[in-house]
Amino acid sequence: ADIAVIGGSNDDAFWNKIKKGLDDATPAIVANGGSVNYLRLQNYDNFAPDVVQLIRTAISQDVDGIVIPNWVPEAEDPAIKDAIAAGITVILMNAGGADKAKELGAINYIGNEEYPAGVAGGDYFAKHGQKHVLCVNTLPGSTNTEDRCRGVADAMTAAGFKSEQLPLPTTSFGDPTAVAEAIKATLLKDTTIDGVITISAGDADSAATGIQQSGLTTVALASFDMNEAGLARIKAGTQSFAIDQQPYLQGFLATSLLASAIDFGTSLPTFPVLTGPGIVDASNIDATLVGVEKGAR
Amino acid sequence: MKLFSSLGGLLRRPEAGAFLGLFAVLIFFTVFGGLTFLKPAGIASWMNVAANLGVIAIPVGLLMIAGELDISVGAMVPLGAMTVAVISGHYGLSIWLGIAVALSFGVIVGLINGYMVIRTAVPSLIVTLGSLFAVQGIVLGLTVLITKSTSVALATEGSAKTIFGDFFFGGQVQVMVIWWLAITAAYIFFVHFSRFGNWIFAMGGDKISARNAGIPTERMTILLFVLSSTSAAFVGMCQAILYNSAQVAGGQSFIFNSIISVVVGGVLLTGGFGSIVGIFFGTLTFAIVTQGIYYTDFDRNWSSLIIGILLLLAVLMNNTFRKMALSYAPKKAVK
Amino acid sequence: MMANALLSLKGINKSFGPIDVLHDINLDIRAGEVLCLLGDNGAGKSTVIRLLSGVHRPSSGVIEIDGQPVSFKSPRDASEAGIATVHQFGGTFPLMSIGRSFFVGVEPTKGIGLFKIFDRKRANAIAVQAVQSFGITRITDGDRLVGGLSGGERQALAIARAVHFGARVLILDEPTAALGVKQAAHVLRIVNEAKRRGLAVIFITHQVMHAMAVGDHFAVLIRGGIAADFRKGERTREEITDLMAGGETMAGLEAQIEAESA
Amino acid sequence: MKLFSSLGGLLRRPEAGAFLGLFAVLIFFTVFGGLTFLKPAGIASWMNVAANLGVIAIPVGLLMIAGELDISVGAMVPLGAMTVAVISGHYGLSIWLGIAVALSFGVIVGLINGYMVIRTAVPSLIVTLGSLFAVQGIVLGLTVLITKSTSVALATEGSAKTIFGDFFFGGQVQVMVIWWLAITAAYIFFVHFSRFGNWIFAMGGDKISARNAGIPTERMTILLFVLSSTSAAFVGMCQAILYNSAQVAGGQSFIFNSIISVVVGGVLLTGGFGSIVGIFFGTLTFAIVTQGIYYTDFDRNWSSLIIGILLLLAVLMNNTFRKMALSYAPKKAVK
Amino acid sequence: MMANALLSLKGINKSFGPIDVLHDINLDIRAGEVLCLLGDNGAGKSTVIRLLSGVHRPSSGVIEIDGQPVSFKSPRDASEAGIATVHQFGGTFPLMSIGRSFFVGVEPTKGIGLFKIFDRKRANAIAVQAVQSFGITRITDGDRLVGGLSGGERQALAIARAVHFGARVLILDEPTAALGVKQAAHVLRIVNEAKRRGLAVIFITHQVMHAMAVGDHFAVLIRGGIAADFRKGERTREEITDLMAGGETMAGLEAQIEAESA
């Protein structure tokens, strides 16, 4: 089957693991006479219109199936309906949820959700003794990053503690020093903060320096998603955990399930298929590192 | 109307190079992207992108011709989108009110930009940079204050949806394409046929001489800033209506993309030279390059590289072809 | 017999920040007369012109037209009062066509209402004809870019423009500086023609011969003040030359140079 | 050396306005940010940001003075970081080799940019935009190809860490600050005291006249592009060493931030005018404005708005103060 | 008695794309001689200059120095061959100081090795002195920006620069066009002085008087070709005037204008 996969910017570490997943699934699909085309956003600047544009592009290519993350339902739903109306099989991945998949007529939902991932992080903090957590958002205004911070905040509040967001202006996006210094300044200003969580793995590298600079060694660090340096910190004990949604599985499963459904009429009884949130901390770090070696985690 | 007297004259026009560049990338993607790229659905895919960009690129290009820059458009797109979403979505007021307010915000920011540029000696890059940040801050702050969220839904029905945010032609082509073509035609008239166009070119060529020649340079500058920020608010508003939702973030890519389209379209960065048709071709070229890549088999990890090289080649072709054409023109007899 | 002044400057001073450029300038310009404004480099001639054409405003003093005080807020005000000026530099737009450059700000249009369109053909025809009437017959295509013209050709274009639009007062700031012998002669003829049509002309030049050929009335600026103000025939050529040189004795200058060169 | 003969002369210098702007924002944040902002840790916080930006802003400013633009710096920062991380982190080779290769990539891209600008008639904005995309594509493609990841860790010890990526002064101040100060001093010499500076200003003032005056404009242009992209690669490399990790994404903010700093520092966007000290002050101003906000009590959702307004005010103050100072200077006696 | 040519043009043609600007130009310029290049606007005088100063390269033909063919790849090559040029427009940098503008490309330095620093004081002193030696005594501060000078002052600065650096050949393209009577006289004196020092001078002007005052040798360009080439005294002033006007009869021009003006 000819499959199109809509995805995030591919200089984004997270989406590269999804891409690894679908790349690994591709040979089997090609062997059955199909193809896989990854349509990725250039950036997240003009989010909703760009995503819809990609869905329309996929429809125009006469594919048999599309893997779609339903980030902005209000915007994407009409396009997804059009795709299904055009006879294309759709599977939702990474964002959307089971209810949405049923509503639209997609064959399944594979992934996790940002908000529960945030809640999982907040719970972890609350359980491990943090009372005031700062959620560093380098992309304020984006739905998915806002949801993450909101989840953390809700879980902390539910446990009787505090959490707030630190939105950074676009001038500091991609400048680790600016991010690190912003975190340091916030910690210096409010010394009750004892936990910091960043919306991406790269920002955690800056946050580690910011915390170290502030001299407040008791501040616990965590991140959404993970990278090599972050895992090294978890192993060394300078970062407490990372929230992982196992993107490799999302890409791999979504693509192969979709192709198999089209080519062989299979269908999975499990609905939805959840791949996260998983927590990576000192307890499971070594197994994770093996996957990292191969570019899947 | 006999506009060009010879091939040489034709190729000396500002849009000639842009056209050659457009032609080259079309060939490239037809070869590497295959037929789907040229099927109606494929064409719609880059036309839609070009239309949204093009409505903003033309006034940005006019400002560049007049010797100014406007980067605040990057914040005006979300402002336009958020305004209509908050008024007509969150508060549930009439969609027409939302549209009117969104557009008037565009006019107001444009007036502020324009006044600051003419009243102070601050370069327009910095003035509009200031308003870029300020408007971004206002959109984020107010939206969170009002809706406690950074994403607001909006459901539009009826004629407003049809006019501003729908698809036609088998659900493929955005109405924005029609707006873009109509607006382009209006600009062509305004810039190349009415007297105002002459004023814009004169302002970019030599602002002091233009003022000395009696051109109301200040009023024209303000007008152009109003045009660009209102156009950006218009595009944001239409996107919100089309996609039924508005986000606080976003729109920043319009800053660079519009400048790129304008310069690829043959407008001189330093002002005084360019054409609407050129900007039109430049926008199309840019849209084809960025969208066409999805129709090819190249590994997506390398797509930025390919876009970079193609853009460079398109602009290079501009210059080389034009030069070649000029020097191969028939020699005049020696007098 | 002397007509009333069309344009008068009364006690004009002008300074740029701390720099005083003009002090106590009094001048009368009459219709049908050519005023030659003479003076050394940096004497302030162009500054006087800029006041009259609305580019700068005087620090103090009054400009009067037909005895009524006026205040030009912009060059547009001055051109609406019928004053057309060729400034010393600039005035043309290198990347615009000859026809468009000629009509900048006063474009001829055809059609009606909102759909008035710039009449390219007529603009080109008028511009080319106006430039050719200055003896520059090489220029036949109004679509050519101004940037491709020679220095003199460009100057001729600017003058042709002012003459074409000069309603009551024509101001020429060193118009003959870049012109060839033939073109300069044409400019002088044009000045005479304008005068005969009843325009007031202000003419700035560093060439005594050109000044003597057309001037009715001469004013000499030395370091921002009027050092002499006289009518045709009241001074000899040698006296005028000395005044133009800032009051220094220049008599026998040419002879001296001739002698020096061996 | 008696550099200025009067207050007027002092205020007419390009850096005077920048200094006043800097002073104003310092006061603002001292009032609203309180003491923490001025404690060593607070000062270090904006000095660190300024240093990383400043090393790139100065050569970008020199290019602007010479009439060119370089936006490819936005891709050179990740290129420098990734190169050293892949060579010394992923492959585990000597850190010095990584540093050398990172810097030579800077030189190579600079040479390519420079050659393309002088050999073609394409404006440098477009040339460097092409290389921005191309280098981004190469960094992404190669990194994924080699490491199967977009984020590479790097652990540096010993003298390389001390020289390029460490903190001193009680672990607060990045060594980059020392580099910045040293490099700024070198540039001040190079631009304002050696003959080369004169050439750069002449090129920006009138490139044709400069060439006619015998200045090797082409070699100077290439040199300046090499300087800017190597500086950006240097900053990226140091950041990778400091943060023990390199990401494929990021660095784009350096494009706008460096241009803003340069223009706030009094450099004319159109070239021919500016000064290194001005750029230095401009960079500091920008860093203080963006970092100072974290020391205040303003709601973070409004920080973009405050940054926008402060930047505008800083630049406005530049112009107003300078004008006022000039017109209040003692009048010369009438001659 | 006639020395060998220092600089020769042999069969030079030049076209820009389809436009032929110069055809078959042959000229000899000797040390210690002033060649006046005359001709109408657009005749091609500046183009000849641009070939000699390395700005353009001839389409065909040879430039020789001391009988050896040379090929200037850039203006730098020409100035290294000892040719200093004041181009018709430009040559100064509005936003630079007088001292810096004067020495652009040939900055005086002090100190040694890597630490050679631009000698601002000396540059300013030399520049101010050179400009003042042209009679423009208003300029005393070498730190002033060029943009603030009057047209003539700027022109004087450019000429002063070329004279200062002119090693063997000094080329002046309409140097007196924007100058006052006094300053023009100074330029003519400078030309004579350069000639006496043994330099070859090429002088372009539209003013017969200036040409006759300094020229030893005259070449007249008409529409890109050499129409006349003669030495001092071989033609009358009237004949030269006619040639400068592109071959048209201009005799009695001034008289005619005088007569026209009433």
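To keep things simple, chains are lettered A, B, C, D and E as they appear, and every chain counts its residues starting from 1.
To be clear about the criterion, contacts are C-beta pairs under 8 Å (C-beta built on N, C-alpha and C of every residue); 3 or more make two chains touch, one makes a residue touch a chain.
Labels paired with UniProt names: B, D = Xylose transport system permease protein XylH; C, E = Sugar ABC transporter ATP-binding protein.
Given the structure is predicted, the values throughout are model-derived calculations rather than measurements.
> Please identify each chain that touches chain B as well as chain E.
Common neighbours, chain B/chain E: C, D.
> Please identify each chain that touches chain C as well as chain D.
Chains in contact with chain C as well as chain D: B, E.
> Roughly how many whole angstrom separate the Cα centroids of chain B and chain D?
That gives a centre separation of 29 Å.
> Hey, how far is the Cα centre of chain D from the one of chain E, in Å?
Comparing mean C-alpha positions, chain E is 43 Å from chain D.
> Determine the centre-to-centre distance between chain A and chain D, using the mean Cα coordinates as centres, and give it in whole Å.
Chain A and chain D have C-alpha centres separated by 33 Å.
> Provide the list of chain D residues touching at least two other chains, using ranges where the numbers run on.
Only 136, 140, 144, 256, 268, 301, 303-304, 307 qualify.
> Quick check on chain A: which residues sit in contact with 2+ other chains?
In chain A, the residues touching two or more other chains are 10, 140, 167, 169-171.
> For chain C, which residues are shared contacts with two or more other chains?
none
> In the complex formed with chain D, which residues of chain A make contact?
For this pair, the touching residues of chain A are 9-13, 16, 20, 140, 165-167, 169-178, 180-182, 184-186, 188-189, 201-202, 205-206, 208-209, 212-215, 227-229, 232, 292, 294-295.
> Give the list of chain B residues in touch with chain C in this complex.
Where chain B meets chain C, its residues are 5, 9, 189, 192-195, 197-199, 201-202, 205-206, 208-216, 268, 272-273.
> With touch defined as at the start, can you tell me which chain D residues reach chain B in the complex?
116, 120-123, 125-127, 129-138, 140-141, 144-145, 256, 259-260, 263-264, 268-270, 299, 301-309, 311-312, 315-316, 318-320, 323
> Enumerate the contact residues on chain C facing chain E in the complex.
34, 39-43, 46, 88-89, 136, 138, 149-153, 156, 174, 177-185, 188-189, 192, 195-196, 206-209, 213-214, 241, 244-246, 248, 250, 253-254, 257-258, 260-262
> Which chain B residues qualify as touching chain A in the complex?
36, 39, 41-42, 44-45, 48-49, 52, 77-78, 133, 136-137, 140, 149-151, 153-155, 171-172, 239, 242-245, 247-254, 290-291, 294-295, 300-301, 303-304
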